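Shared between the two complexes below is chain A, which has chain B as its partner in the first and chain C in the second.
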Partner chain A sequence: MKRILIVEDEEALGLLYKEELAGEGYDVVTVRDAEQALEILRRESFDLIVTDIRMPGRDGIELITQIMGLRKEVPIIINTAYQSYRDDFMTWAADAYVIKSSSLDELKARIRDLLSR
Partner chain B sequence: MIETHRFLAPDFQSKEPKELSLLSIVSQSFFQPFSLDDNLLVILTALTSGSGVGFNRAMLFRSDGDKLRGGKWLGPRSPDEARMIWEVLSTPGLGYLEIIEHNRWLLSRDADAMTAKIAPLEFSLSRDNLTIPVTAVAKKELLLVRDASREPLVDPRFLQAIGVEEFLCVPLLVQNEVMGEIVLDNAFSRKPIEPKDVKLAGLCGLMAANYIYTATLHRKMVEMERMAALGEMAMFITHQIRNPLTAIGGFTDQLLNGPADEAKRHRNLEIIRREIRRLENVVYELAHFLKVDPSRRPEPFDLDRQLRSVLQEMEPRAAAEGREIRAEIDGLLPPVLGDPTAVGEVLRNLIVNAFEASPAGSRIEVAAERKDAAWVTVSVKDAGHGIPPEARAKLFTPFFTTKERGMGLGLLYIKRVMDACGGTIEVESEAGRGTVFRLSFKSQEEGRPEA
Partner chain C sequence: MTSPSELRKDPVSGRWVIIASERSKRPDDFRPAKTAERPRGPSTFCPFCAGNEAKTPPEIFSLSGPPAGPGAPPSWRVRVVPNKFPAVSRGEAPVRVRRGLFESMPGIGVHEVVIESPDHDREMADLPVDHIRDILATYQARLRSIGAEPQYAYIQLFKNKGMEAGASLSHPHTQIVAVPIIPKRVKEEIYSSERFHRRTGDCLFCQSLAEELKAGERIVLKNAHFAAVEPFASRFPFETRIFPLRHAPFFGSAGPEEIAALAETLSKVLAKLKSLLADPAYNLVLHQSPNSVCGRRLWPELERISHWYMEIIPVLTHVAGFEWGTGFYINPVAPESAAKFLRD
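On to the complex of A and B.
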């Protein structure tokens, strides 16, 4: 079973992603900030990371930089409400950029693509 | 011994070198909170006053990038008027401000005469237009035209408007940008234009071009800052809307697409309800925030009554939420400056914030007093944990919030309201001892002139 780490500070969304992706047959772990994400990444391994950017404390961009520092060869999806960061330099380090919307179809499709590579 | 002197004080009757007195007149505008129009008027005054360059008339064209457009035309309309004006201007002891004032009057009077003559004039700035007056800006040179009616390059519409044979075209340029042009003549004295006049006119032209350039740049910068702030705001608003929409959409789809037991159905609906409320809050905050009109003149109003009515309204709510409000109002408060509705909203916001920051069973303290003859303060103290210094610094920046709900516009709204009425908001906070927000209003007590 593929393992996915979700980094999402909005509680309701964390819950939604966890349930929906579990329904797709993934093993999902949800954390609320970059700090917790780094902590769990040091101990456990994942097949994919979905993270928001601009969260309280350390934000998602910083998280991506740190994950690269940990030399984890794990695909990253930025999942955010901010459209305007799409072209920012550091977001290129991610493998996909998904803008939050009322449908999870795109997020699910990107996850499927990246995990079947 | 110490002597004090005004900066380059101009003396319109002095016999000092023209260059120096010209510089004195023009440099005065550096010390005045003058608008661009005023600064240009100062330069046209310098060009036409006797102690300046001494031309009879000065005509200003402004550039809009594609065309030179007629602007102002300063000078007498007839030889008689010229004599009269020269008499006025030679009155002993006349200061430069009086002369500028006099010229302002000339220009306002001429709105229907001389200026009206050149206002409809437009000359294309395209490369192939080599007619006068455009040639001066195209060639970036001052052009002295004599025998204008025999010069085929002079645009006939221009010649008809100016009606003289000899004039000087001064291009207004900054780097390669055309700011406009000034055209000068001696229509009444018939004095030939001399090389030293050309030189001084060129100097004034450089300064006029710089004034226009700086003013244009300043306007562009203000506009850009406004756009950047707007962009930032739009970005945060989309964020505040997309997050709840994602949750609402996702939890609704769950209910539509799959089987759900009663507990899950209930949970999803609760989440959806909560997220809808968040969206409502976004709309509410925004609507309030946008309603503050900083350009509106604040008026004296009865703060005492407003505060007491807000307290009365909030007390049942405090009781319902298990908090107590203790109010100490020091006598009858004098009227203050502000918008009563907005100030009522500010007081409500501060009290609700205090509820949210304080644990159940605690007390919110509201105090109001005449600080001194000029100020009245209202403070709201909560029983919360206090605000850490790093967060305190960011309190009044847009979209900063420590709350789950809301957009972080609340305190910014309060600041805008207080700014608009010439008042202030201050915050004092100590870890573990709560936070005090203090509003200061300008007092409008009887017998006191408006501060």
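On to the complex of A and C.
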């Protein structure tokens, strides 16, 4: 079973992603900030990471640059409500940029696509 | 592919704006987004550095570096890649939609990034002249290629160096954005030049350059093909324009000798700005003619009245309320003094 780490500061959204993606047959772990994400990434391995950008503490862009030093091979999806971070070339460390929406279809499609590579 | 953005025209100013809409969540989220330049520490990552080519989209164009050894990563001097997460996407000529006074169209366009060197820490001012020449030749290749697609009415090439100039990454790079309309500022320049041409039969840029050369006091340097000038009505301290002496509407038409001379001029100007102004952030902007097919519809004499040039604006002052409200700029350094300082 493929393992996905979700980094999302809004608890309700984290739960929604966990339920929806578990329903697709993934083993999903959710954490609420970058520190927790880095801590778990030092101990456990994942097949894919989905991260929000705007979070308390370190933001998602700082997180993905840290992940490049830890687990460069793991694909990353940025999942944000903001278009404006497209201007930040550090987002290129990620493999996909998804705008949050009430439908999770695009997020699910990107996950399927990246995990099938 | 659906465009993630829309172009909208302000009915009063006539200015077009790219709207990249966001789904807001809470009032707190209207704080400015963090897009500050991120310095590269030992543990941080740069998608533009050699060895990280897999993190960029496939390259559109590159100039090879010295041959790499067996098993070594690809060797390149300059690379061009499309923006991985662009705000505009390629498409056919868009259809304008009007609702009363309000006009909009899908945000089609091109957004490419020129990675100027594999080396993260060598700014353009630090590169050898022959490497700058390669960067300029790369600009030309991409501008010619995008310029062959008439749905892109204007191509803007620009470089943001330093956080204060809008760079999000310190690895030296240039951006190329093509849009399906001719921007208001570009139109203003050409209308002004057209009025002058109608009155005198001359190119406004050629004539003003001739007068600058005659006066001499605002010239920073000159060679066989280019002159670097602090403009008579500079808006900003040390605003510098590099003009080709030969009249030409498009940067892509500069020949190899001119490109070599431009590389030398740019190298000298950037080195002077860096050493004398303590390595300022700056914006480098190319001004050139709109696409001929679109432009000739508005200006039948387009090739006679457009004249390409490069503009370098060091970020030494802030644009504030008075400038936003009036369009007047208050420049605390006379261009004559700036030119003398850079010359000496």
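In this section, the second predicted complex is superposed on the first by the 114 of 117 C-alpha atoms of A that agree within 3 Å, B and C clash if a C-alpha of one lies under 4 Å from a C-alpha of the other, contacts with A are read in each partner's own complex, and residues count from 1 in each chain.
Here is the rule we go by: a contact is a pair of C-beta atoms (placed from the backbone, for glycine too) under 8 Å apart; a residue touches a chain by one contact, two chains touch by 3 or more.
This one's a predicted model, so the numbers in the text were calculated from it and none came from an experiment.
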Message = For A:Y82, using the defined touch cut-off, is the partner it touches chain B, chain C, both, or neither? Pick first, second, both or neither.
response = both
Contacts of A:R112 with chain B and chain C, given as first, second, both or neither = neither
Ask   = Touching A:A93 in the superposition: chain B (first), chain C (second), both, neither?
value = second
Query = Thinking of the overlay built on chain A, is A:L104 touched by chain B (first), by chain C (second), by both, or by neither?
reply = first
Key: Touching partner for A:I61 - first (chain B), second (chain C), both, neither   = second
Request  = Determine, under the contact definition given at the top, whether A:G69 touches first (chain B), second (chain C), both, or neither.
outcome  = second
More chain A residues in contact - chain B or chain C = C
Ask   = What part of chain A is shared between its chain B contacts and its chain C contacts?
value = 54, 81-84, 99-101
Remark   = The chain A residues in contact with chain C across the complex are 54, 59, 61-62, 64-66, 68-69, 72, 81-93, 97, 99-101
Key: Touch list for chain A against partner chain B, complex   = 10, 12-13, 15-16, 19-20, 23, 54, 81-84, 99-104
Query = Quick one: in the complex, what on chain C touches chain A?
reply = 4-5, 20-25, 29, 33-35, 38, 43-45, 47-48, 55-56, 83-87, 113, 168-169, 173
Note = Seen from chain B, its contact residues with chain A in the complex are 235, 238-243, 245-254, 258, 271, 274-275
